[in-house]
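Here it is, the structure, as structure tokens.
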Amino acid sequence: MLIVMATKATPKMVDEVCSVIESMGLKAHPMPGALRTAIGITGNKSQVDSNIILAQEGVRDIIHVTKPFKLVSREFYPENSIIDVDGVKIGGPEFVVMAGPCSVESREQCMIVAEHVHKAGAKIFRGGAFKPRTSPYSFQGLKEEGLKILAEVRDKFGLKIVTEAVDTETVNLVADYSDIIQIGARNMQNYSLLRKAGQTKKPVLLKRGMSATLEEFLMAAEYIMAEDNPNVILCERGVRTFADHTRNTLDLSAIPFVKRTSHLPIISDPSHGTGVRHKVIPLSRASMAVGADGLIIEVHHDPAKALSDGPQALTPDMFDDLMNQMRSIAKVLDRECG
Amino acid sequence: MLIVMATKATPKMVDEVCSVIESMGLKAHPMPGALRTAIGITGNKSQVDSNIILAQEGVRDIIHVTKPFKLVSREFYPENSIIDVDGVKIGGPEFVVMAGPCSVESREQCMIVAEHVHKAGAKIFRGGAFKPRTSPYSFQGLKEEGLKILAEVRDKFGLKIVTEAVDTETVNLVADYSDIIQIGARNMQNYSLLRKAGQTKKPVLLKRGMSATLEEFLMAAEYIMAEDNPNVILCERGVRTFADHTRNTLDLSAIPFVKRTSHLPIISDPSHGTGVRHKVIPLSRASMAVGADGLIIEVHHDPAKALSDGPQALTPDMFDDLMNQMRSIAKVLDRECG
Amino acid sequence: MLIVMATKATPKMVDEVCSVIESMGLKAHPMPGALRTAIGITGNKSQVDSNIILAQEGVRDIIHVTKPFKLVSREFYPENSIIDVDGVKIGGPEFVVMAGPCSVESREQCMIVAEHVHKAGAKIFRGGAFKPRTSPYSFQGLKEEGLKILAEVRDKFGLKIVTEAVDTETVNLVADYSDIIQIGARNMQNYSLLRKAGQTKKPVLLKRGMSATLEEFLMAAEYIMAEDNPNVILCERGVRTFADHTRNTLDLSAIPFVKRTSHLPIISDPSHGTGVRHKVIPLSRASMAVGADGLIIEVHHDPAKALSDGPQALTPDMFDDLMNQMRSIAKVLDRECG
Amino acid sequence: MLIVMATKATPKMVDEVCSVIESMGLKAHPMPGALRTAIGITGNKSQVDSNIILAQEGVRDIIHVTKPFKLVSREFYPENSIIDVDGVKIGGPEFVVMAGPCSVESREQCMIVAEHVHKAGAKIFRGGAFKPRTSPYSFQGLKEEGLKILAEVRDKFGLKIVTEAVDTETVNLVADYSDIIQIGARNMQNYSLLRKAGQTKKPVLLKRGMSATLEEFLMAAEYIMAEDNPNVILCERGVRTFADHTRNTLDLSAIPFVKRTSHLPIISDPSHGTGVRHKVIPLSRASMAVGADGLIIEVHHDPAKALSDGPQALTPDMFDDLMNQMRSIAKVLDRECG
């Protein structure tokens, strides 16, 4: 349920409506917008007495949110959410590119790649310190040592850091070192992890599960937001289908759907979405054209020697080419890039 | 198997190589390119004696095509094929938009829609006269009466006509009235129909089957080309997956794959690919950005009253908007549009 | 719409109701059952005046069939349809096994395999004379020569013959030589072929398309029945999914769904459904246990040399083992087998 | 890598081989079989010097396991693993039925259902105390209170308890109260949870993820076994496909594949696999027939009032019917049931 306050409602009126809601055993989520404040209500299992609320000063309307999503819903919060990652704004006019290696392999590797992607216009550096691997015997990441290297990258280049948290035990450690906590596709419905990531109040990059419907995807975001963390960035990274010409099937129709249904920003991951280097640039162009708010791209200075996912990493030269193409398309779409 | 002739090889040398091949019980397909001629060989079940061929004058090289596709393969014919539809060229620098109603419903309806899409920049008019319907009791199209209406549209507006042929009995009738014969997704592996459509020598628009792999898709095109009809235009129209936010999942990664593997042009059908009007424009932008050679779009002047597929038809106003967006993106991608 | 006649209604009453229906521009399909006759009505695009019909003598009830299927629907015809294939009854207590090679390769091959499967208890012999192949260059079957070999198998062993028709041009030829016309998965929505197969009045074995929903599958059967051919046998043969441990994913849940929704018999094809020999026997057991009315199984006396689908063919010894297992399970499921 | 000891090798010889392996920095997993002992080696990133091992007394052979799975592999341990759940043996001749409500809702509900399923022949009681729910606002289970109710069921009826652990924080609590820890489909690749569940040394019931390949499924089991916990029971519970007649598509072909590839037992969950009550019994019969080692079935005494998954729960009467059918099929398959 969503309360729409009048444009002229004062902060005091908003506070009072919140008190009334909480006195009914519910939770109030005030969301100030440019024109007016909306107040989301959660925790209502049964019918809420709307009359009491409508009787409050400054209340204009009550909207019954029939879809299962509340906090993530555009009905709940009609304007685009812009997530501020320490100055880099995701969801606004800027088309933000995150780039870096699949895994943090060494200090040297990260510095080479970071210098390059920074110069080319990336704003956020990606790199896995904790790697969820199909086999227990595969390289599982440099862990805290990797996080420290990422922090060095930030210090040296001013790039913001996004890196994956794979369990509740280490999510706070990841939050300490990074600017955005990534939740991977395999953990999209690991609800304890979603809650803990939400509790850190850090921006969270939530990847769509391999066979998640968009309702399930948005409900996973709802778990994070229900911890009073509005800083969620969604990410389409391809789904599993019968198709065998690509590692996953990048579902770009998810992007206009999410944009209509939710106020949250959504980016695209053509590296995992295709699994093959030569498809990354065309699908990056398509991601921007379809309306995504950014990209997350794997780049490696020596892909043949990458410890994981080498075949999908762009070389630094290819990444330059990508950024140039992005900039020229951004112009005709009224966006800025890099 | 593919024979590459030297750049300086004369037409006479090419003819002689063809004769040698045919004398071996095989079929030769000479494909003249800008620089040199290649000769495809089909019909070889077992090993061909390459030495005889290499001994011919003007032969530079023999390439063993290991993939199952031959005539459709880019190895076979390295340059982009450009299909000339009575002056409208598909597969070259122009990004070609085909537009019109799902079904031909009446003369009046077609004239209204055709006038509009023609003015907006479409070059080809679409409309179904024979409709393959899931139910035997649904509207199956106006048949020959519909074809006549389409021919009138061509006469009046100079638009070229694309319309579907649903069986071998009526494919020649469709060929008589239209400029491009469409083979629908359900018939992608209707091999008798593919052969007959090939024999008409008319351009054929071949849609990908609902769960066809790209190898199967290209092999279906091979059936048409094996009838000595090089005029095949491929079309990605969405595949079937678990996803329930869209009617089909438009697989844009198919487009760079086809471009790498084959010399044939490929267009995109975001109307069937999504099934919902508001996703058509974003996915049209994405289709152009990913590298498609054109679009096929459903437009209806009164979608609420359409006899089929109303929810996915654009209104004329939306189509204008689409064309404007296409033109501005085309500029930065070195293409022309409308 | 379905008219239920009273149990005591005379044939004359049934005839009169049919006349009334036809005078309204509709088509009447009388379906005599053990207890009472039902009359299906098709051709009604708009509302039918039920009062006129209810006023006829002998009419007990009118059922409005809301689902898109009519003739195939169990609401339409509540008892199990039993298809009589020249004495072999499919859909009744007998669990019928069809067996034979993928392709008819030679007279000798067919005689060896037929002798074996006949002795083991198969009632129907399968073998492709027309083969729909992904590549135009693959072996396409022995065509009429293959049909003649199949007819010889019938004469010699008394086995009934099922073989595939791939196009409208050859469906009558196939009907002349065979007892059951098979429509393959690729042609499930080749509506012209469905209609022509229906017109032969021969039993038709209709295979589910690779990504057909069950509604589409039953609607394809509706096309055959709409030609006044009630002799349709359905076949689950596996669908396309992301799973890579099997060629297709045999969807056994389709069988109880079809049994509830339709009166038509349904068999299972574990050979195509799995694509690997060692899974055929376990999934044959499961098919019987889930409620299928029979099996269609590929058997080859020398699978390594088969011209098509060798890896999924059972050897004669494995087929004996299969039949023994089927017989022992049939006992506890109140069915007979072989 | 796998060391096969000679049949006459003494326990002392086995111990010495293990010491040698560990001195090389690797981990040895002795697996005593009826005829001979095998020793699995894990931890080998690079080449191991086989000569040192072959030189040990009692060593017969070394098998290089090329597939990514080691401990779960049938090459590694050729006999069927039989998991002993406090006297109930899973993976041997007995076909074990686990039954109970989706969620533990109250003491009274559990006692009613438990009494019934116990009398009908179930050996293990299922019921969720921690429920992973798509929405953060849905009922999430009675938690420890629910576990206490389950423990009471064990005390009163002698049924063993299987219940789901949803995170690393509560897995030990679940282990304290239950006999089998269930890992749900959403958590199949929650590797930290898999490891922690492994460390409890309790039997673990691992459900296949919604779009997991069988390689990923077995590799998830490998995570549990790599913690020196051989007590893994696999469970097929349906995968996600385009099919819309069923909640999931129960992939029964997974069962013979797992049986060939792994020594671990595998059961089937037709309740989640179909999502509809009337398909549960036919697919239970099919699961037994295809070779599963047991079932997990949802039963509720008043499904209309169930807090979760009511439509798929069997009534007690239907469960009796199921058990009777299972017993009669078990007889002809040389298995025992209930």
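Which chain is which? They are A, B, C and D, in the order written, and residues in each are numbered from 1.
Everything that follows uses one rule, which is that contacts are C-beta pairs under 8 Å (C-beta built on N, C-alpha and C of every residue); 3 or more make two chains touch, one makes a residue touch a chain.
All values derive from a computational prediction rather than experimental measurement.
Colleague: Where the centre means the average of the CA atoms, what chain is farthest from chain A?
Modeller: The most remote chain is C.
Colleague: B-C or A-C: which has the larger count of contacting C-beta pairs?
Modeller: Most contacts of the two pairs: B-C.
Colleague: What is the distance in Å between the mean C-alpha positions of chain A and chain C?
Modeller: Measuring from centre to centre gives 50 Å for this pair.
Colleague: Centroid from C-alpha atoms only, then distance chain B to chain C, rounded to Å. What do you get?
Modeller: About 35 Å, centre to centre.
Colleague: By residue number and range, which residues of chain B touch two or more other chains?
Modeller: In chain B, residues 211, 215, 240-242 touch at least two other chains, as defined above.
Colleague: Enumerate the contact residues on chain D facing chain B in the complex.
Modeller: Spelled out, the residues of chain D in touch with chain B are 211, 240-242.
Colleague: Across the complex, what residues on chain B touch chain C?
Modeller: 42-43, 45, 68, 70, 132-137, 166-169, 186-187, 189-193, 210-211, 215-216, 219, 222-223, 226, 240
Colleague: Quick one: in the complex, what on chain C touches chain D?
Modeller: Going by the criterion above, the answer is residues 211, 213-215, 239, 241-246, 249-257, 260, 273-274, 278-279, 282-283, 285-291, 328-329, 331-333.
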